[in-house]
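Paired with chain B in one complex and with chain C in the other, chain A is shared by the two complexes that follow.
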Partner chain A sequence: MEALSALVAELTGDEEKAAAAASSAGFAYGLAAIGPGIGIGYLVGKSVEAMARQPEAAGMVRTTMFLGIAFTEALALIGFVVFILIGL
Partner chain B sequence: MIALEFPPINEILRWKDLFPSFNKIALIAVAAALIGTIVFLLAGSKDPMKAPKGVRNLAETIVEFIENGIVMQTMGRDGLGWTPFLMSIFMFIYLCNVPGIIPFLQMPATARIAIPMFLSLLVWVVFIGTGFKHQGIGYLKSSLFPPGVPKALYILVTPIEFISTFLVRPFSLTVRLFANMLAGHILLVTFALLSEALFQAKGNPGLIPVGVLPLFMLIFLTGFEVLVAFLQAYIFTILTAVYIGGAAHPEH
Partner chain C sequence: MTVTDNPSPITTRLDGEAPEIQVSFDILKRGAYASPVIVAVCAVFAGLDGVFSALYGMVLVLVNFFCAAGLVAVTARISLGLMMGAVLFGYIARLGLIFLAVILVRDASWISLTALGLTIIVTHLGLLVWEMRYVAASLAYPGLKPRPQ
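Right after this comes the complex of A and B.
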């Protein structure tokens, strides 16, 4: 972080703004990926458990799992879009 | 040091127009629509009484996948009439996604927001229309005032249901497809640039063998994108089926 602030101190005006935007874009995406990461891991783990316990219900569990993944993943993807919007 | 400059985002997403207002994205989209239509027209013209082979075999596999994997799982037997619509959406999105890994095309048409946004607006109109067709004005009641909730809570529940059903659904459909394909495309560009820069490192020849690592990562990610292209088409279609099924039959 010190290196970053030293770097920012050397810049002026627009450059400073661009540097701050670039670094905060990185933080924004990193933070946005934490929750969905935990969520998808938990979801898939539980689904595998369910499929192992009851293989005849595997098709239904898989469909529901993909639905859950799609909803959970949306949060990370919105973070990715924000990353592009503020970083580039 | 190696000279590695990531190009601005417009450079990796944009091409000069082939002719006015028609660029490579439009070309891929038109090709996807044409290929899908031609494959199924060819398959439909074959004799249905003989054992299927070739293009008809492919088409039957896809239809069966849509019927068993998507419609039966989400809408049940009543939803089988939606198979053509869902299959058109699935084939179009899949054929738009796949150019992301085809050499020389190397661009998924769905990585520009126009195509996902138009498709999800279409889905939005269709599922709201289905709701009004099947339930009349009661669709608003069943979607905004879900049964089994204490009366006082409707102050809180109704705005949330309104936002999540009518505003967030098309938005999240759009962003899911668009951002997944764009992220895959940017990843491929990143590793391709990195391995190219390492292979051409002039000042430090020791770096040249290191370039094999991002190259392997690039190959692995290309394989991964094959999966993502299919999975995103599948998820878009299955969510469409869930939305239409929910609008046709309210939860009791």
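Right after this comes the complex of A and C.
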């Protein structure tokens, strides 16, 4: 912890800003990935339940599930793009 | 239609054709139609760097779709439980791969991060909405399938 404090104390103003931007972007990406992770888990769990109960409807469920996964994943991709635009 | 009383996702498996692969090929086809427009828009804003970045972003998005579809298609033939696990871990793995793919080229002279980022979002969402329109029509009116494009 002391080493970290010493390191931060040595940073200039611009470097501090860059470090803050990088860590904030990392946080933003991490937070943006949590929501879609929960969403995909819920979506796939319900789809598996539906397919196990009614295998005849599996094709329809799978198609809808795949599109749902991709839509949910778009949220994480938006977080990633914010990360690369701010943090890289 | 039959309803199974005691379904077990661990032992249930789905044989037959994989609709995800068809959806992915449809998305690839639509991506090929849309690519000139996206590349042209990025060329206007970021020049030649924008062109390369847009192409790279589109390849990333399409490969991502195919990876997701492949995972579901392969694991659904084994077990639904495995499919669920593969989708969840695949989500993390695919995010990691996209991260790696962007990190590897971030300092390249031909990359424009703004064009790349916007291409990833616009291509991903745009192609999905386009495909969803077709899929929704197919599911709502199975007897009136839209013309093949």
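FYI, the second predicted complex is superposed on the first by the 79 of 88 C-alpha atoms of A that agree within 3 Å, B and C clash if a C-alpha of one lies under 4 Å from a C-alpha of the other, contacts with A are read in each partner's own complex, and residues count from 1 in each chain.
Criterion: a residue touches a chain if its C-beta (ideal position, glycine included) is under 8 Å from a C-beta of that chain, and two chains touch if they have at least 3 such contacts.
Here the structure is a predicted model, which is why all the values come from computation and not from measurement.
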{"item": "Partner with the higher number of touched chain A residues, chain C or chain B", "value": "C"}
{"item": "Contacts of A:60 with chain B and chain C, given as first, second, both or neither", "value": "both"}
{"item": "Which superposed partner A:40 touches (first chain B, second chain C, both, neither)", "value": "second"}
{"item": "Partner chain(s) touched by A:49 [first = chain B, second = chain C, both, neither]", "value": "second"}
{"item": "Which of chain B and chain C A:70 touches, first, second, both or neither", "value": "both"}
{"item": "Shared chain A surface residues [contacts with chain B and with chain C]", "value": "59-60, 63, 66-67, 69-71, 73-74, 77-78, 80-81, 84, 88"}
{"item": "In the complex with chain C, residue positions of chain A that touch it", "value": "33, 36-37, 40-41, 44-45, 48-49, 51-60, 62-67, 69-71, 73-74, 76-78, 80-81, 84-85, 88"}
{"item": "For the chain C and chain A complex, residues of the former touching the latter", "value": "1-4, 7-9, 12, 14, 16-20, 23, 64-65, 68-69, 72, 76, 80-81, 83-84, 87-88, 91-92, 94-95, 98-99, 102-103, 106, 113-114, 116-118, 120-121, 124-125, 128, 131-132, 135, 139"}
{"item": "Chain A residues touching chain B - in the complex, by the definition given at the top", "value": "59-60, 63, 66-67, 69-71, 73-74, 77-78, 80-81, 84, 88"}
{"item": "Residues of chain B that touch chain A when the two form their complex", "value": "8-9, 69, 73-74, 172, 175-176, 178-180, 182-183, 231, 234-235, 238-239, 242"}
